[in-house]
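We call the chains A, B, C, D, E and F, going by the order they appear; numbering starts again at 1 in every chain.
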C-alpha cells in the first residue's frame, strides 16, 4: 500500500487541483486527475521519503481560519504603515525561540509569519532553535514573540509534531 | 591510337621503372631504356607518313564542351622533336646509369625522367592547344622534380623553385594566349589554327594573344629577360642538364615558335618582339658564357645564347630563316648534349667543374678530351662540323634581312656573338685540357667507364658526319621538319659545306679570328668584366621580387586577419548595414507605407519605457555583471508582455520559461567567470562601436516601421481554415508547429539536442577554479541549502509537474504544448537542484539525460515515419476521437505523439545543460582568481 | 450586485498591488521595503484572482476556479522569496535601520 | 461599474509596475534589485488577470500561472547566487 | 503603437550590437541575448500588430492574427536558446583554456604578473 | 507510395535516424558505433546517385512534408543542383569519416552522433524548398559543426571555435531579419512562391525587398566566407581536427549553394525589381576573396593554415564563376565545386598526417626531421598541391579553363583573368615553397620516435585524390552535367511550376 500509494493526502490534493486547473468536473477530467494524482506522487515519491502525517483535528481548520484572517489584517496593516510614510516606522529584528523541530513545520511557520501582520521571517539560525523575524513597526517585542508562538507555532506543532516526539 | 599510346608509354613506364628499382639499381635503368625503346618502337613505323608529305592526326573526345579533345599530330616538326626526345633520351638513360652514384636513388631518377620524357612527347605530338599546354605544364613540374633531385642541396631546391616560378608564370600567360587564340579561331585544333592564319593576324586580339604566348615561349626557352633561371637549374645532375637544358625542355619554347610560326609570324609585332628578344639573348648569353668559371655555367650561358640565335632566326620570319632555325635546333641538340655529358664525365672523374682548377686533363683522359673538343668546335662553328653549317645559314639570313631593313647593325652584332662563341668554346678546350697542370683536384682523373663514353661518341660522330656530308645525312630530316614547320612548300636552299666566298663565310672567318683574339686578351677582359657587368646577377632582383611578394602578403594578412572577434563582428555589422541601406539610396521608395496603425495606450507606454530603460541599463552596467543580469531579466519580462499584448500567448509562455532558464544559465556561468570585468581598452573604440550600434538600431527600427506601415496578403488564411479540419487542433500556432511545419520543429529539437550533446562534449574534462569569495571579497554564506527554501520547493515539484502535464495535453487546442511543458518540467527539477543540491537530487532521479534525448528525437521522428505505412509523406499527421465509458469522448492525434517527443527532448536537453554546468563545481582546489 | 462585488475586488486588488510597490519604492531600508511586496502585493493579486474566478464562473456555465492555483502558488512562494532575500541581505550586511542580531552573522566558511 | 473600475485598475497596476522598476534601477543593493524584479513579476500577474477580466478571455491564465512559477525560480536562483555563488552544488 | 514597437526593436538591436562588440565573453553573451529579443520581436510583428485576437479557433473569437510568424518565432526562440546555452558553456571553456574571459584570449596586465 | 517516392526525403532522414540510433548506442562498443556510422554514410552515396539519375532529365522531385501543398507546407525539392551537392557531400563524408576512425573519434564524446546530424543539416539545407526551413537547417549544421569543430578541445581550437560560434550567431540573427522582412512583404516563405511574389513587387516596395534580399546575401556571404566576412574561416579550419576540417570543405559551399539557389529563383532575369540584384556586389567580393585567400596562402607559416586560406581562395574562384552568372560560368563553377572540395579536404588530411609525422615542428614551415614514409606522403602532397593550385592535368585546371573561357564574353574579362591567373601563379609559388620546406629541407637526423603515418590514415586522402582523377577522366560527361544544372538554374520557371503546380 505504502509503495503503491506513497502519499494519499498529496494524491487527493493533486486530483482536486487538477479539477481546478482544467476548470471541468466531468468524469473524464476526474479519471485523468485521479490518474495523475496517483502517478505524480508515485514518480516523485523519492523526493518525499517520509510520510507526512496530519492530525485531522479541528486544530488545522482553526489555524487556517486564523491564518486567512491574519493575512488580510497583515496586508491592511502594512498598507496603512506604508501610506503613513517611512518616518513613523519602528523596524526591528526579533529573535523567536522555536519549539518546532520538523523542517516542514518550521518552514510553514516561517511562511505564516511572513504573510501576517508586520513580520517577515528573515533568518533561521543554524541550530534551528531561533527564527529571526524582521518587524516593520514594533513597540513590545516580548508581546510579539508571545503572539507568534501562541497564534501560529502551537497549532502547527499539534498538527505536525504531536506524537512524533 | 598509336600516338596516344606512344605518349602514354613513358608515364606508365615511370611507375614501372620505380617498381623495377626494387630488384636492384641497374634494373630501373634497363627498364627506362626499355620504356624509351617501346615508345620509339610505337612511333617509328609512323615516320614514313610525314616523309610522304602526310600529316597523321588522331582525335578522341574528352571535354567537347571546352573544345578540349585528346588530339595528337604527327608531322615533320613533331617527327623531328619526337626523334630528338627519344633518341637523346636513350643516350641519357645509358649515360646516367654510370653517372649516378651509390647514394642516388636510381628508381626515383628514372621515374622522374620518364615523366618528363612523356610530357615532352606530349607537347610535340599535340594537335590540341589546351592539351599541349597540359603537357607543357607537366614538363615544368617534372623538371622541378629533376632539378631538385639532390634535395639536400640548398641551390638545388632554390634552382628548382626558381625554374618552376618562371616557367609557371609563362605557363599561365600562355594559357591566356591559347584561350584567346581558341576564341579567335573557334577551335583549339592546330589544323584549324593554321587554316585561319590570316584571320588571326587581322584580329584585334592578335597582339595580346601574341604577347601572352611569347611570354610562355620566352620563359621556357630562357630568353632575355627570363634567361636567369637556366644557370641556376644547373644544380641538377648533369644528365638532367644534358637532356632538359640542352636537347629538350628549353627547346619546347622554340618548338612552339616553330609550331605556331605559320599562324602568328609575318607581322611587324612578331618580327620585333621575337627577333629582338632573340638577338638580346644571343649576345648576352655569348658574352656571359666566356666569363663563367663553372664548366656547366659556361655551357648554360652558351645554351641561352644558342636559343637566342634560334629565336632570332624565327623572328626574322623568312622561310629560309625558319629552315635555318630548325637546322640549328638539330645541331645544337647534338653538340650541346655531348658537351654536357663530357662536362659530367670531367666532374665525375675530377671531382670539380671549376675551370680555374681544371687544367691539362689531356694527359689523364685523352679520349674524352678528343670528343669534347669535336663538340666544342661544332659549338664554335668550325668548318667540317654541323654547327658551322647552320651558323652559315644564320649569318646569310641575318645579312639578307638586314638588307631588307637597310642596316649593317644586325650582321655586326651576330658576328660579334659568333666571336664570343668561338672564344668561350676555345676556353672550354684550352682551359680544361691544356693550359698547364690541374690545381689540387679532389681526385686524380682518369677515363670514365667504357659505356659512359658511348653516348658522347655517338653524338660527336653525328656532329662530324652532318658537318661533312649534310645533304646525305640530315638533309631529308631537315626537309620534312622544315616543311612541317612552315606548313607550306619549302623555299629554295641546298645544304653544302661550300657556298663560295660570300658574306656569310667572311663573317664566319671574322668571328673565328676575333674569337681567338678575344681569348688571347682574356686576362684584361676578365678583370674588366669582374669589375663591372660581372657583378650584375639577375638572381638578386628575382629574390627581391619573390621575397617582396611573400613580405607583402604577410603584411596584408597581418593587417586584415588580426584574429580579433571584435573586428569580425564589426565588419559583419558594417557589411550588413551597407547591404541593407544601399537600395534606399537610389530613392523612389517611401519608408512609410499606406497602412494605418493601432493607437498608443498608457500601459504599453509604461512597459516600453521600462524595456528601453532596462536595455540601456544592461548596456551601461554590463561590467556590473550581476546587475546587468537583473536588468536583462526585465527586458525578457516585458518582451513576453508584448507577446501577450499582441495576441501571442504561446510565445509569451515560451519566452517566460526560456527567460528564466537563461538567467539560471548565466548565473552558473557568472560564478566561474572573472568577478571583475576588465576596463574598456580605449574611448575611441567605445565611440566607434556606439556609433555603429546606433546606426544598426536605426536601421532595424526603420525596417520594422517600413513593413508595419505596409499592407500584405499572407498564406495565413489557409492555416486558420485547415487547422481544425486538417490538423485536428484549434491552437493554430501549435498545429503549425507540429503539423503544417512539423519539419521545422523536428529540426528545432534536433538543434536543442545538439546543443545538449555539444555542451556535454565541451564540459568533458573542463576544469575551472571556483572563486572562494564574491565580487566584494566576502566569503560565501556557510548555509548551503536553507531549510525553508528546500522544504517548500519540494512541495512545488508535484504541483509543477501537474501543470506541465496540463500544458502538454492542452497544447494542441489551447496555448501550451510540448516545448513549454518541457521547460516547466525541467525548471521544476532544476529548482530541486538549486534548493537541495545536485547530490541530493541525483539520489532521487536519474542523472543521465541522454535517454530522454534519444527517446524524444526517436518518438518525434518515428511518428513522422509512421505515415509511410499509410502511403503518406513523412510527418503526415492523423487524428481521431475515442469514446470511452466514464471518460467520455476525447481526441487522439499523431501530432500529440510528436509533441511528446518535443517535450522529452526539451526536458532532456535543458537538464543536460544545466546539470552539466552545475556539475562543474568542485572542479579543482580553489586558487586565486585571474581574469 | 455581483458587478459591484467584482468591481470592489478588482479595485482592492489593484490598490494593494499599487501600495505594495509604493512601499518598495518609498521605504528607507531593504528590510522594511521587503514587507510591501510580500504581503500587500500578494494579497492584491489574490483579490484580482478571486475577482477573475468569480467573473468567469458567472459568465460561462461551468465554475472557473483555476485561479486558486495561482493564488496557492503565490502564497507558497512569496514568503520563501522574502525569506531568501532577507537572508541574502543579512549575508551581504545590507544597510539596515534596525540593528541585526549577532546570531545572523555566523563565522563564514573560507 | 466594472467597466469604470478597470481603467483605474490598469492605471494603478501600471504605476505599481513603474515604481517597482524605479526601485530596480535605483537599487542600491543587489537584494533590492532582486526584490524589485520579483515584484515586477507579480505586478505582471496582476496585469494579466486584469487583462483576462477586461477582454473576458481565459487565454492569459496560463501566462499568469507560469509567471508565478518562473518568477519564484528566478528569485531563488538570484538569491542563491548572492549567498553561495555556486547555485547548483 | 507601430512606431513604439519599432523604436523598441531599434533600441534592443543597438544595445545588442554594442554589447556584442565588447571584449569580454559575458557582455557578448548579453549582447547576443538582446539581439535575439530584438529579432524575435521583429519576426513576430511581421504578422502586424493585433490586440485580443489570438490564433485559437473558437466561435466567440472576434478574429485571428497571423499565426505563422508566431510559429516561426517559437522555433527561433528555441533555437536561440540552444545557441545561447552553447555559447555560454563555450565561454567557460574558453575561460579555462585561455586563462581569461577575453574573446581573443588577450591577457590583462594582472594576469601576466599572476 | 513505395520507397522510391520518398527518395527526395531519404538523404535527410537516413542520417537523422542513424544519429538517433547512435545516440541510443552511445555506450555500445566503439566498433559497433563506427560500423553503423560508416554504413549509414556509405548508404548516402547510392541515394544521392539515384537522385542524380532521377533528376538527370530535368525532373524536379517535389516531396510534400506532412502532405501539405506548397506554399503552405514545407516541401523538399530535389533538382539537378541539389543532387549534385548531395553526391559531393556523400563522397566527402565517407572519407572524412574513415579518417576519423584512425582514433580522432575517440578524442571527445558523441563524435559519430554529431557527424551524422551534421550530414542531416547539410542534406536538409540542399533539399529544402522553404526559406525559413533553410534557416533551421543552417542552425542544425552550424550547431553540429560547433560540436565537431571543438571536438577534442585545445587552446587555439577553443578560441577559434568561440569566434566561429559568435560570428555565426550574429549571422543567424541577420538571417531572421531578412526572412522576416521578406515574409512581412510577401506573406510567404516558400522559395518558389517568393520568386513569384517578389517578381510582382510594386514599385513602392522595391527598395524594401531589395534590402531584405541583400541582407540575406550578407548571411550567405558570411557562411561562404566571402571577403570582408572571411576572417572567421582560416583560424577555425586550421585549428580543428583533420576529418572535421575536411568535412568543412563542403560547409562554405553551402553558402555558395544558397546564393545560387535563392538568387536564381528571386533575382533571375524575370525577377522584376530584384533582377541582377547581386551584380554590383558578388563579383568584386569574390575577386577580393580569391586574392585574399592566395595572399594568405603565401603568408602562412604552417600547412594547415595554408590549406585553410586555400579554402578561402577556392570559394573565391567558385563565386567568381557564380558572379559571372552566364550559363557557361555557372557550369564552370559547378564543375569546380566538387574538385575544390575534394582537393582541400585531401590536403587537410595529408596536413594532419604530415603534422603527426614531423614530431615537434608539426606542420610548421620549418626544417624538421625527415618524416617516415616521406617519399609516399611527399608524393601525395605533390599531387594534392597540383590539384589545389589548379595545375594541369588535374580537374582544377580544367575548371579554371572553363571559367576563363566563360569570362571571355564578360565585361569583367580583364579583372577575372588578371586575378585568376595571378593567383594561380601565387598558388604555385606558395605550395612549391611549402613542399620544399616540409619535405626537402630536412635535418639529416632520422628520428625513430616519429609517428609513422598509417595506411589507414593515408588511404582516405588517396581516395579523395582518386576522385579528382575521376573528375579528370570523366571531365566530358561531368562538365556536360554541370552545364545541364546551369541551364536548369537559368530557367527557374521549371522549379516554380514543379513546386507550385498543385496550388497554382
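Structure notes:
Simple rule for what comes next: a residue touches a chain if its C-beta (ideal position, glycine included) is under 8 Å from a C-beta of that chain, and two chains touch if they have at least 3 such contacts.
Bear in mind that the values here come from a model prediction, so they are computed numbers and not experimental data.
Number of steps on the shortest path from subunit B to subunit D, with steps defined by chain touch: 1. A centroid comparison over C-alpha atoms places B as the chain most distant from subunit C. The chain pair with more C-beta contacts between its two chains, of A-B and E-F, is E-F.
Nearest to the global CA centroid, when each chain is reduced to the mean of its CA atoms, is chain F.
Taking the mean of the C-alpha atoms as each chain's centre, subunit B and subunit C sit 70 Å apart.
Centroids built from CA atoms put subunit F at 49 Å from subunit D.
In whole angstrom, the spacing between the mean C-alpha positions of subunit A and subunit F is 63. One simple way to say how far apart two chains are is to compare their mean CA positions; for subunit A and subunit C this gives 15 Å.
Residue positions of subunit D touching 2 or more other chains: 13, 17, 30, 34, 36, 58-59, 65, 69, 72, 76, 80, 82-83. The residues of subunit C that reach two or more other chains are 15, 22, 34, 42, 44, 64, 66, 69, 72-73, 76-78, 80, 83-84, 86-87, 89, 91-92, 106, listed in rising order. Each of residues 17, 21-23, 110-111, 121, 126 in subunit A touches at least two other chains. Pairs of chains that satisfy the touch definition comprise A-B, A-C, B-C, B-D, B-E, B-F, C-D, D-E, E-F. Put simply, subunit F touches subunit B in their complex at residues 1, 6, 9, 13, 16-17, 19-20, 23-24, 26, 63-68, 71-74, 108-110, 113-114, 117, 120, 124, 132-133, 136-137, 139-140, 143-144, 146-147, 150-151, 153, 159, 162-163, 166-167, 170-171, 174, 177, 180-181, 183-188, 193, 203-208, 210-211, 214-215, 217-218, 221-222, 228-229, 231-232, 234-235, 281, 292, 295-296, 298-299, 331, 375, 382, 386, 391-393, 397-398, 401-402, 404-405, 408, 417, 421-422, 424-426, 428-429, 432-433, 436, 439-442, 444, 475-476, 479-480, 483.
Chain contact summary for the complex, subunit C toward subunit B: residues 69, 72-73, 76-77, 80, 83-84, 87, 91-92, 106-110. On subunit E, the positions that touch subunit F within their shared complex are 16, 20, 25, 28, 32, 35-36, 38-40, 42-43, 46, 68-69, 72, 75-76, 79-80, 82-83, 86-87, 90-91, 93-94, 97-98, 103-105.
Residues 1-30, 33-34, 37-38, 40-42, 44-58, 64-68, 70-75, 77-79, 81-86, 88-93, 95-96, 99-104, 107-108, 110-111, 114 of subunit E are the ones touching subunit B in the complex. Listing the residues of subunit B that touch subunit A in their complex gives 782-783, 786-788, 790-792, 794, 797-799, 801-803, 805-806, 832, 843-845, 886-888, 890.
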